[in-house]
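Below you'll find the structures, each written out as C-alpha cells.
Both complexes below contain chain A, partnered by chain B and then by chain C.
Then we have the complex of A and B:
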C-alpha cells in the first residue's frame, strides 16, 4: 500500500470524518498532498489580506459540517488551500486552489470535487492570469502542456459551469466532469485521476517558474489575480454554505482560505 | 398513490426522529421555502421550526424563498439518480433572490439527505417515491 504523508504532516485524512454511503472514499486529499508536499510549502500563518489565518491550522467543526481548510505558502506561491469537508455526514467536498505570488504569473490552480452516495461532480483548471489572445505565448508556455491530458479525457469533459462569471475566469483546458455518469467504478477511478494530472503539471510549472521581468505585465497579472480572488470570495455559491455552517467570522475566514 | 405532500411529510417524520439529523438541525429555525411543482402536482411548503422539519400543503406567503421545479427533479434527488447539489440546475426561483435561496435552502440539507437515507432503508417510503416517479414521468 502506498504511504501517504497527509495525516502526519497536515493533520487529517480522507476518512477522518465519516461520510455515510459514499463508496470507497478515495484518498484524494492524500494524493493531492503527495504532489503539493514537493513544493516546499509551509503553513500560512498570521495576517493575510485582512484575516488572521491561524484558526485554519485547526480542523473546522459545526453541527452540519466537519472538515479542514489548510492554507500554505512558499517562495513562489502566495497561498494554496487544501480543503476537505463532509457535509451532514453524507457528502464530501474537496478543493485545491493555489495562487502565485505577485512576482510570478503562472496560472491559478483549481480543483473542486463533490461526491455523495450517488452522482458527483468536479472541475479542474489552470486559470490564466492574462488575456491569452493578446498573450499567446502565455498559453503556449503555461497551458498547452495540458493538451494531451485534455484529449485523453475529452470523452468525459463537460458541460461547463452554469455561473457565467466563473466561466470568464477559466482557461481553455477547463474541465467539468461528473463522477458517476459513466456508472462504473472503473470510470470513477479514471475520472478522479484527471485533477491529479492537472495538479502534477501545475506543480512542475511552479518549480520551473521564473519571476516576471516586465513591470507592466506584472501589474496587469496582479490586477487580474485580485479580481479573480475577489470574485471567488464574493460570488462562489459555497460562500453562503460556509457562512451558514460556521457563522460569519469563521465562515468568512474559510472563504478567504478558499479564494 | 401518495401526493408529493404526503411523500415529503412521511419522509420528514422519519428525519425528525433520527438522532443524527436532530443534532444537525438543532440550531435551525425560521427557514421557510415553498416548492411549486410544474408537473401538475400541488405545491408544498417546507419549514424549519425549532430544529424540526414541518411540511405543509400550498405556498406559504411568508416563505422567504419559492422554487419552481418538476416534482421529478426532487424525486430524482431522493432516489439518488440526481446529485442533490445539481438540483438548482433544474430550479427556477419564483420568490427571493439567489443569496436568500442559498442561505435558506441550506437548512434543508438534513431533510434531503434524510430522504435519501430513508429511500434506501424504509420500504414504504421507497414505494411512495418510486410510484410517484413513474406517475410524473408518465411511465
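Then we have the complex of A and C:
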C-alpha cells in the first residue's frame, strides 16, 4: 500500500470528513501533497494582503462545511493553497491554487474539483501571468510542455467555465471536465489523473524557474497577478458557498487563502 | 480558529417559478448536493426544493436554468454569466 505524508505533515486526510454518497474517496489531496512536498513549502503565517492567515493553520468547521484550507509559501512561491472541503456532508471539493512571488513569472497553478452523489466538475490550468500573444516566448517556455498531456486527455475535456471573466484568465491548455456520479469507474480515475499530471509539470517549472531579469516585464507581471487574484477573490462563485457555510469573517479569509 | 455557529451561516431561500419551470431537470443534474427534485403539479413535472437546509448557495441551478425559473436568495454577488453562457445547457432539453 502506498505511503502518503499528508496526514502527518499537514493534518488531515481524504476521508477525515466523510461525504454521504461518495464511496471509495480517492486520496486526491494525498496525491497532490506528494508532489507539493518536494517544493520546500512552509506554512504561510501572519499577515498576507491585509488578512491574518493564522486561523487557517487549523482545520475549519461549521454546521455546513468541514475541511482544511492550508496555505504555504516558499522561496519562489508567494502562496499556494491546498483546499479540501466536505460541504453539507454530501459534496467533496478540492483545490490547489498557487502563485509565484513577485520576482518570478511562472504560471499560476489551478486545480479545482468537486464531486458528490450526483455529478460534479473539475478544472485544471497553468494560468499565464502575461499576455501570450505579445509574449509568445512565454507560452513556449512555460505552457507548451502541457501539449502532450492535453492531447492525451482531449476526449474528456468538456465545455469551459460558464463565467466569461474566468475564461479570460485561462491559458491555452485549460481543461474542464464533468465528473459522473460517485464511484471508482475508469472515467473518474482518468479525470483525476489529469490535474496531477499538470501539477507535476508545474512543480518542475517552479524548481527550474529563474528570477525575472527585465524590470518592465516584472512590473507588468506583478500588476496582472494582483488583478487575477482580486478577480478570484471577488468573482469566484465559490465565494458564495464559503460565505454561506462559514459566515462573512471566516468565509472571506478562506477566499483570501484561495485567491 | 473562530468558531462558526448556525447564526453565522447565511440563511438562504430558493424560489421556483412554476409557470416558467418546464421540468427539464437541468437544475437537478447540476446541483452538487442533490437538493432538488421533480414533483407533479397538475400533471406536469416541476422542480421543487423541499429541504433547503443543506443548499450550498452555489447558484449552479440558477446559472444553468435556461428558463430563469429558479432563483436563490440572497442574490449572487459576483460576476453574472452572460445569456450566451446559459445556452449550452438549454439545447439538451428542448421542448
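Observations on the model:
As a working rule, the second predicted complex is superposed on the first by the 255 of 259 C-alpha atoms of A that agree within 3 Å, B and C clash if a C-alpha of one lies under 4 Å from a C-alpha of the other, contacts with A are read in each partner's own complex, and residues count from 1 in each chain.
We adopt the following convention: a contact is a pair of C-beta atoms (placed from the backbone, for glycine too) under 8 Å apart; a residue touches a chain by one contact, two chains touch by 3 or more.
Model, not experiment: these values are computed from the prediction.
In the superposed pair of complexes, A:87 makes contact with chain B and with chain C alike. Once the two complexes are laid over each other on the shared chain, residue contacts for A:53 go to neither chain B nor chain C. In the superposition on chain A, contact of A:6 is made with neither chain B nor chain C. By the touch criterion stated above, A:64 is placed in contact with chain B and with chain C alike. Contacts of A:235 after superposition: chain C is touched, whereas chain B is not reached.
Number of chain A residues touched is higher for C, counting chain B against chain C.
Judged by the touch definition given at the top, the superposed model places A:246 against chain C, while chain B stays out of reach.
Contact with chain C, but none with chain B, is seen for A:163 once the two complexes are overlaid on the shared chain. In the superposed model, A:41 makes contact with neither chain B nor chain C. Put simply, chain A uses residues 21, 63-64, 87-91, 114, 116-120, 162, 237, 240-241, 243-245 to touch chain B in one complex and chain C in the other. Within the complex formed with chain B, the residues of chain A that make contact are 20-21, 63-64, 87-91, 114, 116-121, 162, 178, 237, 240-241, 243-245. Across the complex, chain C is touched by residues 21, 55, 58-64, 87-91, 114, 116-120, 159, 162-165, 234-241, 243-250 of chain A.
Those residues of chain C lying in contact with chain A across their complex are 1-6, 8-10, 12, 28-34, 54-60, 63-64, 76-79, 81-82, 85-86, 88. Touching chain A in their complex are the following residues of chain B: 20-21, 23-27, 80-86, 89, 99, 102-103, 106-107, 109-110, 113, 116-117, 120.
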